[in-house]
Structure formats: C-alpha cells, structure tokens
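The following pair of complexes shares a single chain, chain A, combined with chain B in the former and chain C in the latter.
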Partner chain A sequence: MTISSLMIINKAGGLIYQKGFSSTPSKLDSNEYLVLAGTFHGVHTISTRIAPVPSSGIEVIEASTFKLHCFQTQTGTKFIMTTDPEQTRVELYLKKVYEIYSDYVMKNPFYTPEMPIRCELFDVNVLRYIKSINESS
Partner chain B sequence: MIYNFYLFNRHCNCIYYANWQNEKDDENLNTKNNDMKWEEEAKLVYGVVYSLRNLCRKLSSVNGVPEKSEKDDDKIDEDRGFLSYKTNSYKLHYYETASGLKFVVCSDPRTPNLQDMLHQIYRDIYVEYVVKNPLYHSDNDYINNTLFKNKLHEFIKSQSK
Partner chain C sequence: MDQGSEILSRNINKTKNNEVSLNAFNFLFSEMIQYSQQRVSGTVQELEKKLSDFGYRVGIRVVELLNWREKNGKREIKILQNLYFIHTNVWKMLFGKQADSLEKHTEKEDEYMISDNEPIITKFISVPKDYHSLACGAFLAGIVEAILDGAQLPAKVEAFANPQEGFPTKTTIVINFDQSVIDREKLFQ
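For the complex of A and B:
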C-alpha cells in the first residue's frame, strides 16, 4: 500500500504542484503532466454533465494497476493522489494535505494564488507526511 | 441499480443506447429528463472514457509498469486499463473488447466491479444476437435488433434486482 504521487490543480485546470513518491523515476516530463492535469480537469467537469442523477465530479478512478483519488475544495482547487489499488482512507489523507497546503502555501506571504507552488516548507511537510503513511502501511 | 448503457464501435459511434432510469423512456428515447439528447450525451461519454483511457495508460507507466513501445500503443491492454470511475452519486464502468468495442454502464456508486457483467453482455448477448444475426453486416449502424434489445433488458433487470 503506497501513495505514488500527488498533484494539485488550480481552479482553471492548471497544474500547480506535482510530486512523485515512488523510488522509480517518473517517465513523464512536466509538459505531459500539464496535459494530464488539463485533461482531468475537463473530464471532471463533463462527468457532472453526463450524470444520470445530479452529481459531483469524479472522486475515484479505478484502473487495473492503480487508483486515482480526487478531492475538490470549495474554491475549486483539486488535490489528486495516485495510489495502488488496495490503498484505503485516501480521502482522509487528501484532506490532511489540504491542511498542510493551507498552512504552508496559503499563509505564505510570497505565494501568488493560482500560481505554481514553490514553497520549501510545504515540500518538506508533505514529504514527511506521505512518507509516514507509506512506511506505516 | 443500473442507470444506462452505451455501446460504442471502433469508429467511435454509439451503436446502442439504453436507459433504465425511467421505464417509460423505453419508447421515447429521444427525450430525456435533463434536456440533453442521448446522441449528444453519448458523444460526451465517449470523450470522457477515451480521455480517461489515455490518462490511465500514461499514469500507469508512472506507477510501476514500464511504458510500452509506440507500436503497441493502439493495442488493447487489459492489464492496466481504465476500469471505472466514481462520483458521489454514480459510477461509470468501462469494458473494451479486443476488437475495439467499448461497453459503458452507469450504475449507483455502491456497485462493485462490473467488468465481468460487461464481458458477459458481450459474450452472451452481443455476439449471440448481433454478430450471429445473418442480416447484420455493417458494424456502423445503430443496433435495431429486438432480440438483442429484449435479452439485454432481461439481463440487466436480472442483475439489478
């Protein structure tokens, strides 16, 4: 049970943070991640349009080798985690990451909202948190 | 509970659509309660599953499975494909056959994995009543086959009791 990556997408569909936590280096370059984030943002919106009953956007995507969890905040920012298929309680982890984001990104006076996140404290704390989850399971 | 069913051929056309939300919609497929024609909706659904299929393929190469070479790109890869997605009120299941047919079903969010059921629809209903029908020759037309329609209806009813 591991969390393999974290992405944060702003309300316009731009990727503002991406980090992989697995030991194997990522094969995708930053452009491809931007495209994926944009695609996901679009699909997330369409998924509410094609709903047979009134619905929110995508919360979990299941693929055969991984799961992708999405948490959308009230302001439209999306937190996305990819994990292996057996991982549980990811909603909780995403909310905790949102807390870390509020503390170390939103309260950072040098951060411009909706722009890519370059905050050292956020990096350190997220990494510590994800590591503690990956090691405990 | 199963809400609706879409079948797409490999040319991206929706060749069958059924809806079980409201029984009287069976006769009147063109008017749905959320004022979108089903043809329009089917195009959106196709766009969503197509994008998610590519997204999953890209991401699964990051999550441990090595990326395949370019020439294998169009082949169906059952080992790491997109299976389903879930929102707070529905779940969409996706199954693709080796010949490029795409089966899509929307159900309520508590439904477990429906891959087997979709495979069963393909094997026992689509192949039996559509492919083996001697009058069926173009795979690009909407399926107007009463036997297929009835069998599918029966099958879904038996599954979503």
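For the complex of A and C:
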C-alpha cells in the first residue's frame, strides 16, 4: 500500500503543487500536469452540477491499478492523492496534508495565496509525513 | 464592566491562563513581515531593522513587567546575570520555554550569543532563496536589545539564521556590548 503522488489545485483550477513519491519517475512533464489539473477541476465542477442532490463532487476515482482521492476544502482548494487500490484511510491523510499546508504555507509571509507553493518547510514536512505512511504499511 | 476595561483591571502578577494562541500569533507575525516588506526599499537589512524595531517595542515593556513580577523590582547590573535573565525568565514568559544556549565568544570579550533551536515565532516561515540571508529572528534581537537597554547595558544585537541538521529554523542572537559596558563591568571585579 503506497501513496504515489500528491497534487494541490487552487480554486481557479491551477496546479500549485505536484509531487511524486514512487521510485519510478513520472512520465508526464510539468505542462501535462497543469492540463491534467485543469481537466480534473472541470470534471469535478461538472460532477457537482449534475448531482441530483447537493454534492461536494468527486471524492474517489477507482481504476484497476490505482485510486485517486480528492479532498476539497471550504475555500475551494483541492488536495489530490493517487494511491494503489488497496490503500485505506486516504481521507485522513489528505486532511493531515491540509493541516501541514495551513501551517507551513498559509502562515508563511513569503507565500502569495493561489500561487505555486515554494516553501521549503512544507516540502520537508509533507515528505516526512508521506514517507512515514508508506513505510509503515 | 465592558470588555475593554477588563484587561486593564486584571492583576498584572497573575500569569495563569495568560497564553495566546500560537496560530493567531503566527498569522499576526506573518502580516507584520508582509507589512514591513511593503515599506522598505528592498534590502534585507532594512527589513530586519523594521522587525527589530517591532521587537524593541515589546522588549521595553517586558523588562518593566518581568522585573516587577519575578524580581520584586530588583534589577540586575551585571552582564551575565542580565543575559541569564533573558535566556531563562524572558524566554519562559514569552515563549513558554528557555532558550537553548547562552555562550560567550572565546576571543572577543564583548560578544555573547543566545541560541534558540526552534523559535516558535519562525516555526512556520520558509525564507525564499532570494532573501536567503534574512533572519526573521530580528524581532527577537529587538526584544533582547530593548531589555539590555532597559538594564543600562547598551549593545548592538543582531539575529542570524543558523540552520542545523534537525533544526532548520535555528536562530542565533549575537550581542556586542558597548565598550563603556565592558569597562564598567571590570570595575565590579
């Protein structure tokens, strides 16, 4: 059971953070990630609109080889994790990443909201957290 | 009694439940840095000076209050006693813990250093590369400078970011006393 990547999408659909945690290098370049994030943002919005009853949109996408989990905050920021299909409790991990984000990104005076995240301490803490999950399982 | 006057009529010797939320403080401090950034022409030194000025305003109040609270109004006159007071009492009151070390420079007789491995005010701050030499601990330096000034020990106080393995936000405050202070100290011996 592993978490293979993390993405953060701002409320306008722009990709502001992307990190892979698996040892195999990703096949996408940064531009393709941006397109992917924008597309997901659109599909997510559609899912909230076509829902017959009020809904917060897509939470999980399952495929045979991986699962994609999405957690949307009250302000519209989306945290997305791709994991292997057996991974459990991902909602919890996403919330914890949100917590790290609130600490090390939002409380950092040098960060401009909605812009790509370049905060050393955020990187360090996310990596440490994901590693601890991947190693424990 | 309305809310505003309640804080003024509170007993100043009471320290229980006087804690402030760290999150709230860090948001405030973050805004202070952004505010200062907009009001300097861009050099790191100017920004540090602004932060240090903020700290100075805290320090002059702390020195009055703590001498009253913990020393019955008695003030220390020697350098070491004052530095120890800052390292222990002041840090405990402001941050809930002692500073991690208090050292004297081995060669320069006027230089002392106080280090904090993980200052809570900069806990969440990642300084970007184009500001690489900025120490947000300048705020702490301002506090220390004001306390030393208040004790009649004028000194030049500067903060340096001193990242170490396991302590990425470690900050060292370097204190250079005035020659007059060193000369006077010798008279005590």
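The criterion applied here is as follows: the second predicted complex is superposed on the first by the 137 of 137 C-alpha atoms of A that agree within 3 Å, B and C clash if a C-alpha of one lies under 4 Å from a C-alpha of the other, contacts with A are read in each partner's own complex, and residues count from 1 in each chain.
Methods note: contacts are C-beta pairs under 8 Å (C-beta built on N, C-alpha and C of every residue); 3 or more make two chains touch, one makes a residue touch a chain.
Predicted model only: the values in this text are computed from it and were never measured.
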Chain A residues touched by each partner, larger count belonging to chain B or chain C: B
Partner chain(s) touched by A:T82 [first = chain B, second = chain C, both, neither]: first
Touching partner for A:R118 - first (chain B), second (chain C), both, neither: second
First, second, both or neither for A:Y104, with chain B first and chain C second: second
Partner chain in contact with A:T65 - chain B first, chain C second, else both or neither: first
Which of chain B and chain C A:S47 touches, first, second, both or neither: first
List of chain B residues in touch with chain A within their complex: 3-4, 19, 21, 36, 41, 44-45, 47-48, 51-52, 54-56, 58-65, 67, 78-90, 92, 106, 113
Touching residues (chain side chain A, partner chain B) in the complex: 4-5, 20, 22, 24, 26-28, 32, 36, 39-40, 42-43, 46-66, 68, 82, 84
Touch list for chain C against partner chain A, complex: 23, 26-27, 29-31, 33-34, 37, 124-128, 131, 168-169
Complex contact set, residues of chain A against chain C: 103-104, 107-110, 118-122, 124
